[in-house]
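Two complexes come next, and they have one chain in common, chain A, joined by chain B in the first and chain C in the second.
Presenting the complex of A and B:
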């Protein structure tokens, strides 16, 4: 209670993290390469596209030194497609639209290799690894996305979308429509989060898993307090049942062959 | 559950019906006649912490001082009402710390069915709380009766759900930050 901030990270902190996402820009001025802590920035040569962290792209955009190329998912067409996926799967209630495939997932491998920037990285020791969000090029503009693949919302969709709408709305295709679609998506998904409480019930007691696949960073941040509160409450109420279940399991183990001898040993020890 | 947790201290003072099995000299103060003895078979509502301590003999196998009963907030009648519709019950009027109390009671009694009813109640009401927390209709809204009947744990839940939604709205510039 003494600490004024709630547990978890606050929305401004989440959007700060989202500023590490890489986006594509079209520079209007030359800029020499920068050696930053997060990695070197390639030199900017006006007709060539470059990939920069979002914070730097926004800075250049505000100084009118660059135009931001919006990522392919932040297009009204893609967004309304995703919205259709979200609203129409009535049978699988509570399921979110799938997240972008990770580069090291075998099923996504073939799709991903068509993308220009999915490069495996190497640690200083020479081990190969694939970066995870926010170091995935999920927000980079692609000329032609993989054919036949539905658009996917990246992990930081809400933050990146909102920041681009705020700072670079003139670079987006139909910003008003985009803004409306983003808002609708957010409402649809947040009501799904709330109706997922029923799933939480069986998950907390039965030892099942809550699927939060496809949920964005900001949505997790928003629901963190509530979800953990519900799960904790269910755990506390069900504690005696859980206790009984464990004792029963222990009893069953004890009546088995190996467990029984163990118990005998314990009893012998007790007598001494 | 810290030592200084106000809610757990307040839960400790919830009343639990107890029946004395033995005559106890000098404990009449509990009944309101100081200096007298308390008779065997007297029924009294004792605070949870006291009832728990007095009934401890029952667990050790020696003659017990009191037998405990399930408090009225968790009686059969309430459980049936909760089974019928969890959302219409005013838990706060039953016990301000309804869930904490039932947690403690369930440690003392083995009631499989009560656990299931309470889990169902909590989950159903949590969904309703989330809806109210995301779409506040003000103090005069239609959900005001439901919100008034929340117990302390549910109020806490309402608060965090509301804060979470509000923080995001403030970040998105849709709501003003409080001064």
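Presenting the complex of A and C:
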């Protein structure tokens, strides 16, 4: 076999991706800037903060060369706020706490005031490129978050949280409380994932989408096999029903002039 | 010099800037995630892979230079700059970790492409072969009268290697060569093990008698997980027949994460606009 892994990235690969998230560190020693294949690394000058990929921050942390500044969401207060949001809306199905907005996504509050301008980067091929997780500064420590903005769980919250708890628990505010809250969040959210299974039925029809907005990367990774298995199984069962629906949809979309051809199609099907 | 280089020189004054390295790294990562998540083979990103491989080669050289300088007899013998050595070791380990991470991405990407290729080899061969395989078919029909057909005959010939670099080829030249060799071996093996005892008209590997094609294509209706990056992109229900029009269904808002059929979003990939979606 050329490649043994199944389709769709597996949990270890999701952790690998999460290690590309940028975090803030407080270096303890100087290090000149480096040109890495993943992009340039700024020089480390001890009193100044630096923003590095998580894998590099963990490497420096394990060698006691730096301290990691925990992201603002990984704080007991923020986590218990998010947990409140999650449990308040627990009865309404599938209501995960909202994810952090994308750079080109207007947030609900400032929709009319200051719409952040999307800054598309351009690829060398001349196409527009919008960065997304893990290349967004969702885990960088900020001194003062936007006022009135509720803390939000980033896409790779579970992986980043677990890795920071494991390697840099002495840098976190209250590691035991944080660990407990993360575990509670995980349980609340995974029970939501399980209770939301019913909506998968609708995804078996072409053109429909099942929204998973707010679900973290690892949670998707856990549910991937089940979700795609259920949807594909339902699709096979409902293939003939979908064909009929398609024709009905096409009939509705088409104007009266298409009526005659539509009848012809139906006649063709009757012969089968 | 191909079109990618020209565009790169127009868009960015210097393609070797650290910013373009970071951007290419993000593109490679996103392409890897998408390739891992999607059931069919995505078009080969020739420009991106060329740039990445060139950078990997240069990075290996610079790491070797650094390693050689660290074992320089003068610096170790005198030990005068011993405070510099730990930094150098740290630098080396950082550079090597970074290199391994990129190499892992490239290796995983290529291996997954190979596994897709070998799973649906006949489908992709027919896809890349020039012309709708009518000319080899006719040749074979003529041969049928004289001698027994071989399963190898159903393998379409390779397209000319000097193909236009402007067109986005689905496969890299190396993958094409692998694909052809793989399918030839497979056909020979089938022929020698059981197909030679079949009636001559049942020996073709791309047999489509009875309205059922023997060539298995990847399932495009399988679901993928996507994040919408631009507002108002609609999910497409592609037309089943040539006569019908595509139906545009649910529109997604920016930032939405959803489970959707691959065929519903693959058009956003086709026209070079694949960055509308972050498939994973």
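One rule holds in what follows: the second predicted complex is superposed on the first by the 211 of 272 C-alpha atoms of A that agree within 3 Å, B and C clash if a C-alpha of one lies under 4 Å from a C-alpha of the other, contacts with A are read in each partner's own complex, and residues count from 1 in each chain.
Everything that follows uses one rule, which is that contacts are C-beta pairs under 8 Å (C-beta built on N, C-alpha and C of every residue); 3 or more make two chains touch, one makes a residue touch a chain.
Predicted model, so just to flag it, every value in this text is computed and none were measured.
When both complexes are overlaid on chain A, the residue A:65 reaches chain C alone and has no touch with chain B. Number of chain A residues touched is higher for C, counting chain B against chain C.
In the overlay built on the shared chain, the residue A:240 is in contact with chain B alone; chain C does not reach it.
Of the two partner chains placed by the overlay, only chain C lies in contact with A:55; chain B stays clear of it.
Within the superposed three-chain model, A:226 lies in touch with chain B and out of touch with chain C [touch as defined at top]. Of the two partner chains placed by superposition, only chain B is touched by A:12; chain C is not. With both structures placed on the common chain, the touch criterion links A:181 to neither chain B nor chain C. In the superposition on chain A, A:172 contacts neither chain B nor chain C. Taken together, the two complexes place residues 200, 224 of chain A in contact with chain B and also with chain C. Touching chain B in their complex are the following residues of chain A: 6, 10-12, 15, 162, 166, 190, 194-195, 197-198, 200-201, 205, 218, 221-226, 229-230, 233-234, 236-241, 244.
Per the touch definition, chain A reaches chain C in the complex via residues 1-3, 5, 7-9, 13, 16-17, 20, 29-32, 34-41, 55-56, 59, 63, 65, 99, 101-102, 104-105, 121-135, 200, 203, 206-215, 217, 220, 224, 227-228, 231-232, 235, 243, 246, 249-250, 253, 261. On the chain B side of its complex with chain A, the touching residues are 99-100, 102-103, 106-107, 110, 112, 115-116, 118-120, 122-123, 126-127, 130-131, 133-134, 153, 156-157, 160-161, 163-165, 167-168, 170-173.
The touching residues of chain C, counted against chain A in their complex, run 4, 7-8, 10-12, 15, 18-27, 29-30, 33, 36-39, 47-48, 51-52, 55-56, 59, 87, 90-91, 93-95, 97-99, 101-102, 104, 108, 111-112, 114-115, 117-118, 219, 221-223, 225, 227, 229-230, 235-237, 240, 243-245, 247, 249-250, 252, 254-261, 263-264, 272-273, 275, 278, 280.
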